[in-house]
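What follows is chain A paired twice: with chain B in the first complex and chain C in the second.
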Partner chain A sequence: MTALLDIRSLNVDFRTPRGRVHALRDVSLQVPKGKIVGVVGESGSGKSTVIWTVTRLLAANGVVESGEAIFDGQDLLTYPEPRMQEVRGEKVSMVFQDPMTSQSPVLSYGQQMTDILYRRPEPDAEKMRRAVEMMRRVGIPDPESRIAQYPHQFSGGMRQRAGIAMALLMDPMLLVADEPTTALDVTMEAQIIHLIRELQREFEATIMVVSHNLGLIAELCDEVVVMYAGEVVEHGDVRDIFYRAAHPYTRALLECDPAREMTRTRLLPVIPGDIPDLHIKPTGCVFAPRCPKAMVVCRERQPDAHTLEGGHATRCHLLDPGLAEGPVAQAEHTAPEAVSEGPRSSGAPLLEVDHLSVRFRIMGALKARVKGVQEPFVDAVLNASLTLKRGETLGLVGESGSGKTTLGRAVLGLAEAHLGNVTFEGRDVLGLSPAAFKPLRRDMAMMFQDPVGSLSPRQTVRALVTEPFEIHGLSKGRLDEEAERLCDMVRLPLNFLSRYPHELSGGQARRVGVARALALNPKLIIADEPTAGLDVSVQGEILNLMGELQREHGLGYLIISHNLPVVRHISDKLAIMYLGRLVERGDSEAIFARPAHPYTEALVGGVPQPDPDKRRALVSIEGEVPSLASRPSGCEFHTRCKYATERCRAERPGDTVLGDGRIVTCHHPLTD
Partner chain B sequence: MNPSDIPAPAPDPVRTGAAERAYSVRREKLILFLRNPQGMLGLFLVIMFFASAIFAPVFATHDPLTMDIPNRLSGPTADHWAGTDQLGRDTYTRVLYGGRVALEVAAIGVSVSLVIGLVLGMVAGFGPTWLDNLLLLIFDAIRSFPTVILALAAVALLGPSLKLVLAIVIVTSIPSYARLARTSTLALKRTEFILAERSLGASTPRILARHIMPNVIGPLLILSAMDVPVVVTIEAGLSFLGLGVQPPTASWGTVLNEGYLIIRDTPWMVIAGGIPLVLTTLGFTFLGEALRDIFDPKLRKGR
Partner chain C sequence: MWWYLLKRLALSVVIILLAVAALFLMLHSIPGDPVSIALGPRATPEVQAAYAAKMHLDKPLYYQFLIFAGNVLQGDLGSDVFSNRSVALTLSEQLPYTIALAVAALGWAALVGIPLGCLSAIRPNSWLDRITGIISVGTIAVPSFLVSIWAILLFSITLRWLPVIGAGEEGDILSQLRHLILPAFAVGLGWVGYLARMVRASMLEVMGENYIRSARAFGLRPRTIVFRYALKVAILPTITLIGVGFGGLLSGTVFAEIIFSRPGVGKIIYDMVLARNFPVVQGAVLVTIALYVVVTLIADLMVSWLDPRVRESL
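Entry: the complex of A and B
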């Protein structure tokens, strides 16, 4: 087995005004011909730096200190720039994370694709034919006409397909995919994974996938390289990594993935601590400060590479000869314990959403009149009804564009509702003036999606967490005490109070967001994607904190998320949303175990499992979310539903109450 | 497992990575500025401008109005460093005092228009669409007047005075500040942190003053630094035409004007009146450009 790309002891530094950051240290990895190799690691692990170094697209302050990247027999790092340009695109091509920003918005796909073929001495008609062929190959319907379109006319999933088509156009020897599905929904992710696997077989391509998503890696890859803080800690066959992980970091990472936990746990596993400062070259094992098995030797000496059977290798002192323990058993160092359910949901409903509809105007009244459009609106939320009790957590799940965020905002009066009622503790809160709503905001708080972006950038943490008191004129003169109390509550060290949001990591910023939401002891918190932008090891910390505060204060949570595996662990009830309508509501355990709506089934099945033996043969759901502006007739899901019948196409289903109290909006609920 | 077992970020006696990064960003910007020769030259010239104007009486060798008839129209001498004018007044002293007029117009003109422009711009950006459109219409209407012609018309109606010059400078420069503030506000209006503030119940004035203003003021300050020479030249130009500062008060414009009349006898007055104008313009432009290069990441080199 020959390696197409062989990276040997690569060391890369970044020059910063504060000295050098040792971003990659002694990184060696092989990409064998015809295989899919996954590079997995959290943010700051240096996985992207590896790609940029190999493609020689490193930022201006990056320096390759030493090492080789042998590609097809020659060291890429010694190539002069003009030759490197021939390699990029021709022999090595890339699929980027966000197709919206990596494709030129002002050129049509046809133009972009013929541009890629500019080195080929072929007539333009031939180039266009190839481009159309490739677009067809990646599953873009009607490629002859769609090739003349621009990226903004494509949906997210289609754009990523087109991105893959562009990367494959030159028939590259190596395809590098950088987080290829991170910007996509679960159902799209499944389709893209399926597509990449198919194409790999067809083209016998060699693929290097970089991702933080363990499920994606398990589904897609043959071999896996695990990186932590600029070092390769373990590499091997995908089954070796997922079943016989030897390094404590790999094991911790696997345990943190909420999709792995098949039973519902209230407490998610975490990896304590932060990624080390790479300005200083670590003297011992780089993972030692966070390692539950760390020994004295781990802090003193760097571990050597130990080779286990079958090319599986790791760097850990636990495998040193002479150590009594030998290869460690699958120790669950952060074994989640069941938390007593305690006095949970009880009493009268805290929040009731009754047949709520929110619509957005898409053209002015005059223009609509001139154009003869009867209803110049799109309905973002339609007829949604929810009930949330005190101390209860309701998970609102759907793909992007399903209206879940709009629903959350409408409850807080941040988006204008069109029809329906929202009652909070028995009081009607819809349509209140901002002044009349203000006292209610003490009891209802919202956490926003972007942990750092939802904090005002020029305010200190102290100013941010005490702002609710200032706005509502409370606790005058005791703001410092309050700030300290809140900091303690979310376990943020007190010296963080003088920091600014950009000085915080994602997890720390999220803690500030939690503290701010809890400042006035609210009864309800609406959390929009509380784990978005956080690493797996940190998301558990935040959710555990939220759960603990819920038990302490009897909070009601409305958690909005697209991440079903995460939401399932912390929710009592689930509501599944599709195109602005709730399609299934009920107990979260029951929904997850036996989805009744085909869409729920697709969502549950769409989550890639971090288990290479559970690869899905078929994509659970085809097609894409239709546009809100042109809703399908009858049941709006029928265009993607594999159980759809004539009745579904013609008639809108009503709510069906199942035996266990679940409400499903489907003509043919999946009951056994 | 009880709640206290849930790991928290370790309390850190030293600064952690993120804080250190932010700290180093600030220091990095300072270092970048100190290493920028153009910026340092600009800073030096700007300090000179302020110092010479504020401490004019200290640096002056004569009284700006005292006439030394025997030595009228002299070139540079030991007594009169930059020569004298047709009435024998010391040109060096008059240029120093002229700087005070320039500073006064620049400081008041720029700061007042900055404040008004900032407020109007934020209101336009954050307020309802009709208000935005109305304000934009007014801004664009004002911008369509040529400043000097507007000043000529106003002076013809109301008579020449420094106050009028100031008023014209302020009115005509408000739109450019307001436009910039409006654009930045529009960009911020849809961000999550503004939505987060609204969800806490913050009032619009509070959002504008505490959360929008600190984020839009930076580019405005840089623009204002680059606007100072424009204002100074408008003042000098109007004074040169006899529409601004009235004799015998010294201004760079009046010194130039008087020098222009006697340029066949001696070139020194035109030179002495022109040099500070050139240096001030260069100073503020260099300073403004250096600040913009450092604080506007889009224009910085490298990735």
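Entry: the complex of A and C
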């Protein structure tokens, strides 16, 4: 098997005001013809730097110190720019992470695609025909008319399909996919994975997939390269990596993935510590500071590559021949200890949401009258009812656009409810004036989605965590004490108090967010995607911290997320939302064990498993979320439901209470 | 799109009406009785009463305003206090000069400033970028009346290349163009720097966007990337800026028209303020406001034509 792309001892630095960052050190990897190779790593691992180095699109401060990238027999790194321009798009093409920002917002797909074909000596009409054909091939319905549309007129999944169409247009020899599903919902992710696999077979393409998502890598790839802090720590066949991982980092990473944990434990495994500062070239093994099995030699000398059977290789001192008697390990990386399940939920409900509806106006009153639109609104939340007790965690799950965030905001009085009631500790809180609501906000706190973006960039951590006190005019003069107390609580070192948000890692910024939410000892925390954008190894820390704080303080959590595996670990109860309605509610474990609503079943089945032997042959859910402005008749899920009958199309289902107390809104609940 | 156009047109009418009201009130807050000013101190009370009745000055304020607003909407801006000539007629003679000057000034500024901004954004910190930066700050900082005087000194008096005064022979396009060069240069110079800086800043931002990186990864030509992918987005804030800055440009033309003794709305306003010929001043200000509203509307329509997202959200 010849390698189409052969990267040999690549060293890349970034020049920064604080000195050089050694972003890639001695990186070697091969992409054989006709294979899908996955490069997996967390943020800061250098996996994207590899792509940008190979395509020669590194940021201006990136410097290739040494190394080769042999593509089809020639070193790409020696190409002059005009020649490189011929390679890009023509021989090496890319699928990008976020289709929303990686496609021009002001040019139609037709224009963007004919632009890519500019090298073909054929008339524009022929280019357009090619583009339409490719759009059809990637599963975009009605491509003839949709090709004239712009990216903002496409849904997220369709946009990524169009992105794939653009990449395949020139029939490239190598396709590089950079986090191709990260910006998508689970159901869309499954469809895209399926599409890439199908296209790979059809075009016999060679694909390099870069991702942090182990599930995606396991489902898609033939070979896997694991990167950590700018080095390749292990590579091998996908089964070698997922079943016989030799490097402690690979093992730890696999253990951290909540999708892998089949039993519901309260504590998630984590990799303690942070990624090392790459301003200094590490002298020993780069993972040693975080490695549970680190030995003296690990800190002194860089490990050599050890080849195991079948091309599986790793860089770790544990495999040094002198250590035949086995590692001088401290302790095995144990499964997390079980946490005593104390008296958790108790007493009267903390929060009750009763038949809540939230609607948004989509056009002005005058325009609606002129256009003859009776109801110029869309219902973001329809008739939603929830109950949350003290010390309980409720997971609110749904695809993007399901209205879950709006529901959370309506509870906090940040979005205006149209109908229904919200009761907090027995008190009706809906429709209170902002002044009347203000004291309530001490008891109800929000953790916002984007950990760094929701913090003011010009304030120190001290100012940020004490801001809630100032807003409510509390503890004047004792703010420093409070700041230290909160830092302790979220286990943030005290010297972080004088830092600014941009100096924090994602996990640290999230801790600040937790501290802000906890500042006033609230009773209820509404957390919107609490782990979005965090690395798996850090995600566990935040979830564990949240769980611990809940046990200590009896907090009630309303967790809004599209990430089912995460929600599953921390929730007592689940509510599944589709098009603004709750379709299934009940005990978390029961729902996961036997989903009753077909949508829940599809969501549970849609999560890619970090297990290469459990690849799904079929996509669990077809199609897209319908527009809120045109809700399907009858059961709103019938357009995507594989069990749908005539009755589902005609009649809206009522709530059915199952034996275990679950409420499901379906004509044909899946009970066996 | 049509809905948006309709909405914007209605809004423009409202703005102009508000301007009319503001002008009307300002005029009435000027101390002194219009009747005694018009007829002089020796007019008899009978004559004064007859004049007041003729001019509707005996009616309540709102009634006077309605008459005024009605006349304005019909295109009647009143008449010159001295010559009794229709103000609308006077202005319609003067307006083309001002518009020609403003368009010429903005036109050459855009033709130079936008490419300069583009080029310096493509190669930030190159020598071209540095020189553009210096030119930008220089031209923004120097007031246009100073530029006018220097330009006259250099090009007309020392070099004797271009005429100094007036707008050229009526009917002779070439002569009019030659007379337009210096004032347009003087008025537009500040805009060169302004536009270059603006375009540079938004180009730099757009060039860092993911879709520019995608276009490069698909191997598109640098030229296509800059002009089709980047400039089309980067130019949007600049268009809005030009629309808003048009008001400032109009006040810039006042200086140029005075210094070059060119006919034009600015010159009229200046002369008539000195002569206390208020109907003409009032009409000229109103026309200027209307011009401003129209230009802003055109700028917004251009943005929505270039950006499908804006078009959609209307």
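We adopt the following convention: the second predicted complex is superposed on the first by the 663 of 672 C-alpha atoms of A that agree within 3 Å, B and C clash if a C-alpha of one lies under 4 Å from a C-alpha of the other, contacts with A are read in each partner's own complex, and residues count from 1 in each chain.
We adopt the following convention: contacts are C-beta pairs under 8 Å (C-beta built on N, C-alpha and C of every residue); 3 or more make two chains touch, one makes a residue touch a chain.
Every value quoted in this text rests on a predicted model; they were computed, and no experiment measured them.
Of the two partner chains, chain B is the only one touched by A:D274; chain C is not. In the superposed model, A:D115 makes contact with chain C only, not with chain B. Once the two complexes are laid over each other on the shared chain, residue contacts for A:R88 go to chain C alone; chain B is not touched. Using the contact criterion defined above for the overlaid structures, shared-chain residue A:H472 touches chain B, although it does not reach chain C.
Look at A:I207: by the touch rule set out above, it reaches neither chain B nor chain C.
Touch criterion met: A:E548 reaches chain B, while chain C stays clear of it. Comparing chain C and chain B on the residues of chain A they touch gives the larger count to B.
Residue contacts after overlaying the shared chain place A:E503 against chain B, while chain C stays out of touching range.
No residue of chain A contacts both chain B in one complex and chain C in the other.
Residue ranges on chain B touching chain A, taken from their complex, read 1, 3, 6-12, 16-24, 27-28, 31, 191-193, 195-203, 206, 210-211, 214-215, 301-303.
Within the complex formed with chain C, the residues of chain A that make contact are 55, 57, 85-90, 93-94, 96, 98, 101-108, 115-116, 118-119, 150, 152-153, 166-167, 367, 370. The touching residues of chain A, counted against chain B in their complex, run 16-18, 59-61, 267, 270, 272-275, 277, 337, 339, 409, 412, 414, 434, 437-438, 441-442, 445-446, 448-450, 453-459, 467-468, 471-472, 491-495, 499-500, 502-505, 507-508, 516, 541, 544-545, 548, 552. Residues 3, 209-211, 213-221, 224, 228-229, 232-233, 306-309, 312 of chain C are the ones that touch chain A when the two sit in their complex.
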